[in-house]
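There are two complexes below, and they share subunit A, which is joined by subunit B in the first and by subunit C in the second.
Presenting the complex of A and B:
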């Protein structure tokens, strides 16, 4: 579809960019004390963008001369991203960390970042892949260092910018090799060009695939590229940590699935598809090993943490490992399980981080010590934290259990050569039980009972309820999510 | 083909130098320079492939976008390093050790 016709399908993105531009003007107008009001405008913009996504025709097209995809797969991830952004925008004004700063730009940057993620989940051209990842990265560098006078926030931004720029540089070099091998930047054309490549180009192709994997792996923090994650997650404002752990990770998985599926598989239906078979590297096994290392490292290091925020950072690495487990299968079930898990993960992980925000507002700390006896002092917070922790562990009857169940089922179904993967995954879940329950132990079994009960701010309570209910209900009644994922995937497999 | 190869070799050398700089330098600005070297080596690849490989213009366009993105990234990174100097009185990457290991 040519550029002019494409504009009609690009409304959600237009709305986000328009929101950001108007928000910049509004922020100029407001005094420092009022600049948080920009947040309400951005929130309205996101609602409008979501409505635009709903009313768009449900077709599978490519826009802007084959550089942006318009399909249910992208729509699914856009909705997930908007959902995550929505919760973060509502909670942000109630976070004490941001109280001493002008927050207008904060909301503007979130809007721009969401725009970048929208492009990420639908990129079909190497230029678009690179640009969208960079837009998301650059805005998140600024957001991670938003607390200018806080040394920890500053350090996290520094580490983020160095690792981020470095790995996107590696990815770019890989993309340049891929471009040289195939002579085009369009993913579909690259696939057909790769099919005709003779085997003398194998080493170049392997090098390029590894470098590109470095770029994507950094976005979803899988193991050799995870070093930034704990430090950035710990130092950044907690609202941003929560956001980074959900939305860009979902977008990263989307672009990873789309890119590797479009370029490196033989393009047929998603049946244990042929990877670029003739490079001589066992790609599925390689990815499986990466996922095992990722989840094991995340879980084992999480055991030793003294800060709940940092513990959750490692736990998010472990969850990336679980999701990555289903990727090398490249079966319909595998992708289905990843997407289902992302929805469940959104509710439970955002919820856990928002509890940390509420605790930090009260105690000024995020260590395990800050949680001592809190379950008796703030019973509501204790109850919802219990739901999120059980869900993250994957205990029934919570959403996390259903997510993990589908992941393991997909792995088992892929055949006996992947059984070991499922076994290690289950063992890892058992290990994770220890550190998640440690939070519960701190909250309920230690410290003395207090007579005065306190509750978090009303809006935070409402958001926590909105997150805890799906985290519980989807454990029993998950068919709406399952249907939604199914529809999104059905078109993706046919359209490609 | 001869010409293409020499460009690719220059790009590969630049890439390795950039990698080396990022890994060994402790000065924040020097690390940034290493990253710029990596980006520019990719740029040379793109333009060389587009010019000598008998390919279309997308390589040139890609290189232009990369230059713009590198400028944006450098702006943000330098701002963060200036802020680092205000907080730590140093632009040495190792000085920032507030977060637990």
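Presenting the complex of A and C:
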């Protein structure tokens, strides 16, 4: 479809750009103390974008001369991103960390970042892949360092920039090798060109795939590209940490799946048969090992943390590892499980971080100590945190269990050669139980009965309820999510 | 209601839990009454179920089925047979009595009883689920309230005990999850337990994973999960700690019901779905039973903490049940088709599960009684209490005698049946296990002597005797022990047909086949 025709399908993105522009103008209008109101304009823009996604024709097309995909797969991830953004936007005005800053730009940056992620989940062109990742990265660098007066926030931004720049450099190198081998930037054409290469190109191809994987891996914090994660997550404002741990991660998985699927499999059939041609490298095993290392490192290091926020940072690495487990299978079930898991993960992980925000608002701390006896004083907070912690552990009847269940089911289905992966995966969730339970222990097992009970701000309470209910209900009745994922995957753009 | 009696049994405690959630936390008396009424109703339902239970068939009864997640073939399916009925009776009974045992709880009453009722649903759900996914959900749902009940209301080391319990059980259950999924994908994509029992033996026959028979792999994964719950040596180390640190009522539930889940799981799942592996594993099972018997008894003998002694006696008692379960192979042609022995052993094992439920519950309640008064449980720290607390001494005597397997009390019959069943096949093991009976008598009698005879400890000259509420919790259990000890027939009739079904099923797939690869 040519550029002009494509515009008709580009409404959600237009709305986001418009939102950013309106927000910039409104920011000029508001006083410093009122600047949080920009957030409401952005919120309205996101609602409009979601409506636009909803009313768009449910077709499978490629836009802008095959450089952007328009399919249910992209729509799925866009909705996930909007959902995550929505919760963050609602909670942000109630975070004490941001109280001392003018927050207009904060919301504007979030809008731009979401725009970048929209492109990321639908990129079908090497240039688009690179540009969209850069848009997301650069806005997140600024957001991570948003607390100018806080040393750790500055540190986090700087680390993020260095790692981000380095890994996107690597990725760019990988992309250019791919371009050099095939002479085109369009993913579909690359695939057919790769099919005609002989084995003399194998080393270049392997190198290129590894470098590109490094770029994507950095976005979803796979070990060994994860080193930025704990420091950035710890230093960034907690709202941004929560956002980074969900939305860009989802977008990262989307681009990883789309890229590797479009370029390195033979289209149509979702099978593991043609996993990067015959480069002679055992890719599934390699990815499986990466996944095992990622989850194990995330879990083991999370055990030793004293800050809940940092613990959650490592736990999010572990969760990336769980999701990665289903990728090497390259089966329909594997992708299905990853997407389902992302939905469940969105609710539980955002919820856990928002509880941290509420605790920090109250105690000014985010260490385990700050949680001591909190279940007795703020029973509501304790209860929802219990739901999120058990959900993150993956215990029934919570959403996290269903997510893990589908992941493990996909792995087991792939056959006995992957059983070891499943066994390591489940044992890892036992390890994770220990540190999630530490939060529960601090909240309930320590401390005393309190006569006066307190609750977080009303809006925070509402958001927490909105997150806790799906985290519980999807553990018992998840058919709607399963159907949604199923439909999104059915019309996944495989080729033209 | 008639047709949905099992659903009511499962969900009634949840109704009570929701009700408790809406009661203001100051009204602790109301909360306790709601909890008691809920479990009381559940007990009444269980008795109704028992009265309507058809003892002439070994199959599932009172089946309920509904679609849950059709895309994954997950169903909501409940059913009861002779294997689960004793447990379905025991669970509400002990829950009901445990509510009265925990009447003195002061700390966070609302939370305690709400969690207790959630635990109740989890437990009875495990025994009634006929869908493997549902079974797993209930199996895991139990862990959460148990963690908090031990961790918040337990003794000095409660936090360590709670997390140890949780981690141990979770390791077992996640391995079980892998096994469940492996069964699902190799046996025609179903979680239906009944269907899997029919199809799994055929579907897994000859399947090799890395050169090992798939049957063995799945057996081992499931076995670890269940063995941790039983607990079978050497996976038992969580038990003494958890039982000792838990509040009395929770120790009652742990010993009375949770341990039985492991045995129930082995009989229902392992014996049902992997009958061929029974023949491969049964020798190990008998040896593990022997180790449990001897090790549990020796450890109990060494304890000075009364509760710890009782906890180790549980390990010992579970050993007898394992021996009884191993006896099932006596029905095979290679062991002379001795169906009588197999029947005695398997019935003995199920009977032992029930009896240990009542006896251990009694023992833990009685330990709680003395602990509430003296605030310690050191066996050597008492003395001469028989004069001071005559009624208590009498009840403890009944419980201890039941525990050591005195003829005339129910424990004797079930242990005897286990021995009789296992003897034809595992002669040496059975002979060695009888040593356990001797050791049992030694530690129970020795403890009794130290606590109740001799000179009265001056500190305890004002100790009040057991009160009405506590007697109310113990006497029903003591009566059951006495009746079943003299006249076990009604109980054995209840399980007879199902036992035959299990024996036939296991025999069908073994005895003639060669060793598994």
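Definition applied: the second predicted complex is superposed on the first by the 489 of 496 C-alpha atoms of A that agree within 3 Å, B and C clash if a C-alpha of one lies under 4 Å from a C-alpha of the other, contacts with A are read in each partner's own complex, and residues count from 1 in each chain.
Definition applied: a residue touches a chain if its C-beta (ideal position, glycine included) is under 8 Å from a C-beta of that chain, and two chains touch if they have at least 3 such contacts.
Since this is a predicted model, take the numbers as computed values, not measurements.
Of the two partner chains placed around the shared chain by superposition, neither subunit B nor subunit C is touched by A:217.
Shared-chain residue A:456: touches no atom of subunit B or subunit C. When both complexes are overlaid on chain A, the residue A:185 reaches subunit B alone and has no touch with subunit C. When the two structures are aligned on the shared chain, A:298 is found in touch with neither subunit B nor subunit C. Of the two partner chains, subunit B is the only one that A:170 touches; subunit C does not reach it.
In the superposition on chain A, contact of A:104 is made with neither subunit B nor subunit C. Once the two complexes are overlaid on the shared chain, A:422 sits against subunit C while remaining clear of subunit B.
Touch criterion met: A:130 reaches subunit B, while subunit C stays clear of it. In the superposed three-chain model, the partner touching more residues of subunit A is B, compared with the other of subunit B and subunit C.
The residues of subunit A shared by its contacts with subunit B and with subunit C come to none at all. Subunit C makes touch with subunit A in their complex at residues 69-72, 107-108, 136-137, 140-141, 143-144, 147-148, 151-152, 158-159, 162-163, 166-167, 170-171, 174-175, 177-178, 181-182, 184-185, 209-210, 214. Of all the residues in subunit A, the ones that touch subunit B in their complex are 126-127, 130-131, 134, 137-138, 141-142, 145, 148-149, 151-152, 154-159, 161-162, 165-166, 169-170, 172-173, 175-177, 179-180, 183-185, 230-231, 234-235, 306-307, 310. By the touch criterion given at the top, residues 376, 390, 395-397, 401, 405, 408-409, 412-413, 416, 419, 422-423, 426-427, 429-430, 433-434, 437, 440-441, 444-445, 449, 477-479, 482-483, 486 of subunit A touch subunit C in their complex. The part of subunit B that touches subunit A in the complex is made up of residues 8, 11, 15, 18, 22, 28, 31-32, 35, 38-39, 41-43, 45-46, 49, 53-56, 58-59, 61-62, 65-66, 69, 72-73, 76-77, 80-81, 83-84, 87-88, 93, 96-100.
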